[in-house]
Amino acid sequence: MMRNIKVEHLIETPVEKQQIELVERKGVGHPDSISDGLAEAMSRALCKEYIEKCGAVLHHNTDETQIVAGRSNPQFGGGEVIQPIYTLLVGRATKEFNGVEIPAEAVAIKAAKNYLRNTIVDLDLESDIILDCKLGTGSSDLRDVFQRDRVPVANDTSFGVGHAPFSELEQIVYDSERMLITDLKKKIPGIGTDIKVMGLRDNDDIQLTICCGMVGKYIDDMDHYINLKEEMVDYVTDLALKRTDRKVTTFINAADNCEKNSVFLTVTGTSAEMGDDGSVGRGNRSNGLITPNRPMSMEATSGKNPINHIGKIYNLLSTQMAKDIVKAVPDVDDVYIKLLSQIGKPIDQPFVASAQIIPADGANFNSIKSEVEVIMDDWLSDVTRITKMVINGELDTF
Amino acid sequence: MMRNIKVEHLIETPVEKQQIELVERKGVGHPDSISDGLAEAMSRALCKEYIEKCGAVLHHNTDETQIVAGRSNPQFGGGEVIQPIYTLLVGRATKEFNGVEIPAEAVAIKAAKNYLRNTIVDLDLESDIILDCKLGTGSSDLRDVFQRDRVPVANDTSFGVGHAPFSELEQIVYDSERMLITDLKKKIPGIGTDIKVMGLRDNDDIQLTICCGMVGKYIDDMDHYINLKEEMVDYVTDLALKRTDRKVTTFINAADNCEKNSVFLTVTGTSAEMGDDGSVGRGNRSNGLITPNRPMSMEATSGKNPINHIGKIYNLLSTQMAKDIVKAVPDVDDVYIKLLSQIGKPIDQPFVASAQIIPADGANFNSIKSEVEVIMDDWLSDVTRITKMVINGELDTF
Amino acid sequence: MMRNIKVEHLIETPVEKQQIELVERKGVGHPDSISDGLAEAMSRALCKEYIEKCGAVLHHNTDETQIVAGRSNPQFGGGEVIQPIYTLLVGRATKEFNGVEIPAEAVAIKAAKNYLRNTIVDLDLESDIILDCKLGTGSSDLRDVFQRDRVPVANDTSFGVGHAPFSELEQIVYDSERMLITDLKKKIPGIGTDIKVMGLRDNDDIQLTICCGMVGKYIDDMDHYINLKEEMVDYVTDLALKRTDRKVTTFINAADNCEKNSVFLTVTGTSAEMGDDGSVGRGNRSNGLITPNRPMSMEATSGKNPINHIGKIYNLLSTQMAKDIVKAVPDVDDVYIKLLSQIGKPIDQPFVASAQIIPADGANFNSIKSEVEVIMDDWLSDVTRITKMVINGELDTF
Amino acid sequence: MMRNIKVEHLIETPVEKQQIELVERKGVGHPDSISDGLAEAMSRALCKEYIEKCGAVLHHNTDETQIVAGRSNPQFGGGEVIQPIYTLLVGRATKEFNGVEIPAEAVAIKAAKNYLRNTIVDLDLESDIILDCKLGTGSSDLRDVFQRDRVPVANDTSFGVGHAPFSELEQIVYDSERMLITDLKKKIPGIGTDIKVMGLRDNDDIQLTICCGMVGKYIDDMDHYINLKEEMVDYVTDLALKRTDRKVTTFINAADNCEKNSVFLTVTGTSAEMGDDGSVGRGNRSNGLITPNRPMSMEATSGKNPINHIGKIYNLLSTQMAKDIVKAVPDVDDVYIKLLSQIGKPIDQPFVASAQIIPADGANFNSIKSEVEVIMDDWLSDVTRITKMVINGELDTF
């Protein structure tokens, strides 16, 4: 059956040339991102367990973690969590299959603890967080889907969205958070994992407003704090200037009032310790960013099963398609992919697969169009590759 | 102080003229919408309580309801909920102020029950749902904000997004869900409140895929069910054709397999009874739609306090600005508003207030620009009007 | 098979003649009693549901309700609950049997609400209490028990204890609470359901110390409160004097300090609204009393299934045996029954059935012995009568 | 002020000479005992934290832990927990004092984990248990009590009960569980911590029925299991015979059906993993036993604050008094202590302090009486010694 692929020439000022551009990234320790990370960690662990015990991934969706913030008393040189963060791991999972019992909640909780231990490194699991878990069982109809030996059918009528390439600002915002955690935190342990980067570009002026929950126990006093902030500002600005010729200004913890001793200090590096709740699917899209100048999907990607949950698969697939297109097809300034499923239809046959292309000036759109169609069709005919990449942990979801 | 208002001429194929357009609306009984509705109902009730007891709205955010789906055994002519839906109402609220205690959780729970009773009309509160509640207290710094007698400062660095006017498809998708519930349900009580409308426009073909959890107790048997679906299809198609000259095709419950007795039947009219979890901010944007062809914000609007939570205020304000602009300024085909705050700055002074205008062919952009600037500046100088409208229940949030 | 019945002549000062006697009763609104009442209400509702759907009572135990106290702001003429009482209904229940699904949690929650509505009459279910529920499924071995068509086998190695007759003080303590609620509350609605009566008899002096959470909305002011207390003191003293010739002194809310405005006032009539947690099996024994001068069992009676849960059946049966013995056999001053099961043995064949008899002076013990043995043997050969009485609501459990 | 001490000559067949005696002990891994242990561990940790931060123990009661059983799949040589045990730590605690914040819930959770790690040694905290926590704040009136620099006043009208000496059966039942865990488990790791010992003495025949959840991972197969049981039977019988000349018969896991592969096997050593819920105060009295032939109190001892919670203090004090009396006063066969408080009165002035003495034949009761009075008066005048012993961990509570 022919696939319903529509490639369209979009007349549009490319984002890079629009006057105002906004880009946001919530770092791994932001309460919404923690929820995303827990959701995806649970799903990966369940996939592994199902394959080990039953030879195939069974129905599950663990895409609804809810974090209820705690209360803390941060201090330079120490501090403590007063009331632990409460985390409710929520979802559905198959708990029995052909007589085999699957310890879904035990697996989920173990995976959640491992994830927190490795990612939210300044959180003390012994006392700072309560992990609760409510995993229902899925409906039997859905469970059925997973037993068929062919292309799964879509669990829902839903769409995914992707784009490529990243604009300068998108790349800078993404890299800022990533490098602060993976690189500068080695030198400055006081950098918390809860980093929010808001990028504003007004023509050729880029302003990065960064919120970072600093970790009190690694910071001696206010002077130390102020010095660290300056070091971080320089680091981020330098990093950005490697990726752009535009002017870059960086603010860190703009609401700090050092005279009044009111600064963004934490015990655990995340504001979930103090007043900031979090949940899945409210932060970064599957490409790691929030981009109001671009089409986006509301579908949470994290925690959904990678077999038939179209809200996950099509978001990830759209992004992969878009990346491949800009890599392989010349003269594409911007490409937007939208994939729409219809419930009950095979996932390699989307209701519509739409590509909107902003070609470079003078490009031959017809040639672009046919190349793009081939790339999209190839991906769709090999759609379960996304499933495998997810299970192998090759795709980020937030 | 001058406001940082930027009005930009956007070259773009207007959505109405793009080849592929996608629009989605989750109805009031969808688990994500129930979460939104509960979140906003709690916030409104708290606003009222605060005003009554303390003379002013105090700090709160109740924007994190989590619904854990139950299990049910739907039947024609009856059925029952086997495992109740579990709902965790989450947020922060001021519980004490100048010696006055505010029964925040009692107020929240009461408001939640009233909301469900009025909106999810086929849900039996006596046995079908568990309402749990965890409201922390906010940080004292934030509480401080609410006591100042001037324009509040932004609680976060965050942005809101709005657009106008609605495209044909947007209007049709929105109206379909609304009219099914407010009009046709009077005649056909078997229509459940959990209605999801997915609209796809491929040039001049509109396809509406509707998922509706039908209420078993009002439906005699499969024949009755099939008849009702046909009646609904006709109703929605007729409704759409009043708003467009394009071709309209409507599907209802596309995954039904009547021979196998597998149809979308429920006890309570919402899939939260059986396997579909829900949470705040994952469904409709504040204009009631999900529109991947338009800029969107990821910020949940429901449940946030309307005083200084910029994620709420700027989303609502952007939409109001956009609507006023298309109403008052001629020759605007599409307008996109983005409002960005910086934490700690007065909310009438956004970090940037951006309008992107797609003018009609031949329009005078400079004239448009100055009119738009005035409208935006007026709204910003009267920004607390949004607060009042929210408290009075004049603005929908999802 | 002969039953292992042992009737023993106990040399002992009868309680009525001991110098110091202590007797306590926690009224229906005491947090521990609320837990007991909820536990038993759930079990009764489940029994009914099982019989209706499956023709027989299936395995369940709902004997572990936990009440987490709320917080309140009581006032003369009003007051309000600030933080709702949290109640976790806990237990096991069969949720599926021969393909029939039983909505155990929905039934439990509905029964709990009905119980509260009828018993804790001043509690507003709309806002003052959160009802949560966690019912696991039982082990399959246990479920098996319920399908056999013969005398069930004991689920545990456990014992029940009973005695008769009530001493004067026991009768007075029991009646005081009962009559305050069922009689005087009609006239004085300000009497709360949370009444604790502690009776001390020192030879011929009886002192009743009563704690009663008064309901603020029915009491105008401190004078009114003081008057009501006096009326209650008179009522209880008069009631007691009808049952004894001893001297009776009654204290109500002995810790009140009226000058400091510190009195035992409540919003809902139960201290669960403010700081007093509760759980099943920590209050009254199945005869309605706590009697340290008598043998007692630690086994909670409320909420256990009446089919094979020996902790329930043998407590109730012991009391019934004891009552029958003092009614039918002359010259028995006091009788103590202890019934011990061994796990896996039929419940009509206790490991030991012990009666300790304190005969009247000059009585013929051998004659007593043989009469007692017959009564005990009769009851044991008709042991499932207890089951039926429980299901029909003919036996109190606390 | 003279204390109201009443010493009474009780005519009674001493327990050792009664025909039927029942004694029970629930081991540390029994779900009710786990609850007791967690409750007391939390209280001890809070006492320590309060002293460290505020210089004195502040108001708290953590006496209401609720355990909701999980589900498991035990196997010889392994097995796994399918659904984790859910544990709700419940109580009240002072969270703020003179501007100092006390992280009550964080302290409680940490203490709970440490307790489980040290006591329920075969439970994997990483995946087998969920620890949730709801600690309310106490009423301000109660908090006041803790600040006064004199003998605290009773928080309630309540009584404690104690007796001495242990009968043979009591000692045997107590020692059996203790030695299986502290001694034999070193050699046989397959012995689980969930051991229930039920002792029945019928004149000179002692029968010990022991339930012990064996730990699958340390047991190879059914033969191994049967061998271990035999070894345990011999061990317990030998131990008992060192303490009595009566005949001793021991049963272990009497409901086992080895042919049907139905034996009491566990993954974690406690039946909380599979269907047995637990809560505080439903198991052993503060002397470690359940003794229906003796007076008992229903008051939970574990988890209550040791400053003014009379339900704890008087239970522990009664037992200490009784022990001292039988040690110091000759010719006392049995002594029963009952201490009754009245709410609001100093705890060194009980409403009544009753001793019932069963003297040896021919003893001089008057001499006994005066010696007993002195011991009781001495203890009461130094009542806060109990508080210190509790804080220092010198007194067991279950």
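Lettered A, B, C and D in written order, each chain numbered from 1.
In this text, a contact is a pair of C-beta atoms (placed from the backbone, for glycine too) under 8 Å apart; a residue touches a chain by one contact, two chains touch by 3 or more.
Predicted, not measured: the structure shown is a model, and the values here were computed from it.
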{"item": "Reference interface B-C: repeating pair among C-D, A-D or A-B with over half of contacts shared", "value": "A-D"}
{"item": "Centroid spacing, where centroids are CA-atom means, of chain A and chain B in whole angstrom", "value": "23"}
{"item": "Chain centre separation (chain A, chain D; CA means) in Å", "value": "50"}
{"item": "Centroid distance [mean C-alpha coordinates] between chain C and chain A, Å", "value": "55"}
{"item": "Per-residue multi-chain contacts in chain D, two or more chains", "value": "83, 86"}
{"item": "Contact graph of the chains (line, ring, star, complete, other)", "value": "ring"}
{"item": "All pairs of touching chains, each written as two labels joined by a dash", "value": "A-B, A-D, B-C, C-D"}
{"item": "Footprint of chain D on chain C - complex, ascending", "value": "6, 8, 10-13, 18-20, 22, 24, 61, 63-64, 66, 68-71, 83, 86, 88, 90-92, 134, 136-139, 141-142, 156-159, 161, 196, 198, 200, 202, 207, 209, 211, 251, 254-255, 262, 274-275, 277-283, 285, 290, 292-298, 300, 338, 340, 342-344, 351-352, 354, 356"}
{"item": "Chain B-touching residues of chain C, taken from the complex the two chains share", "value": "73, 80-84, 86, 95, 101-103, 105-107, 109-110, 113, 126-128, 130-133"}
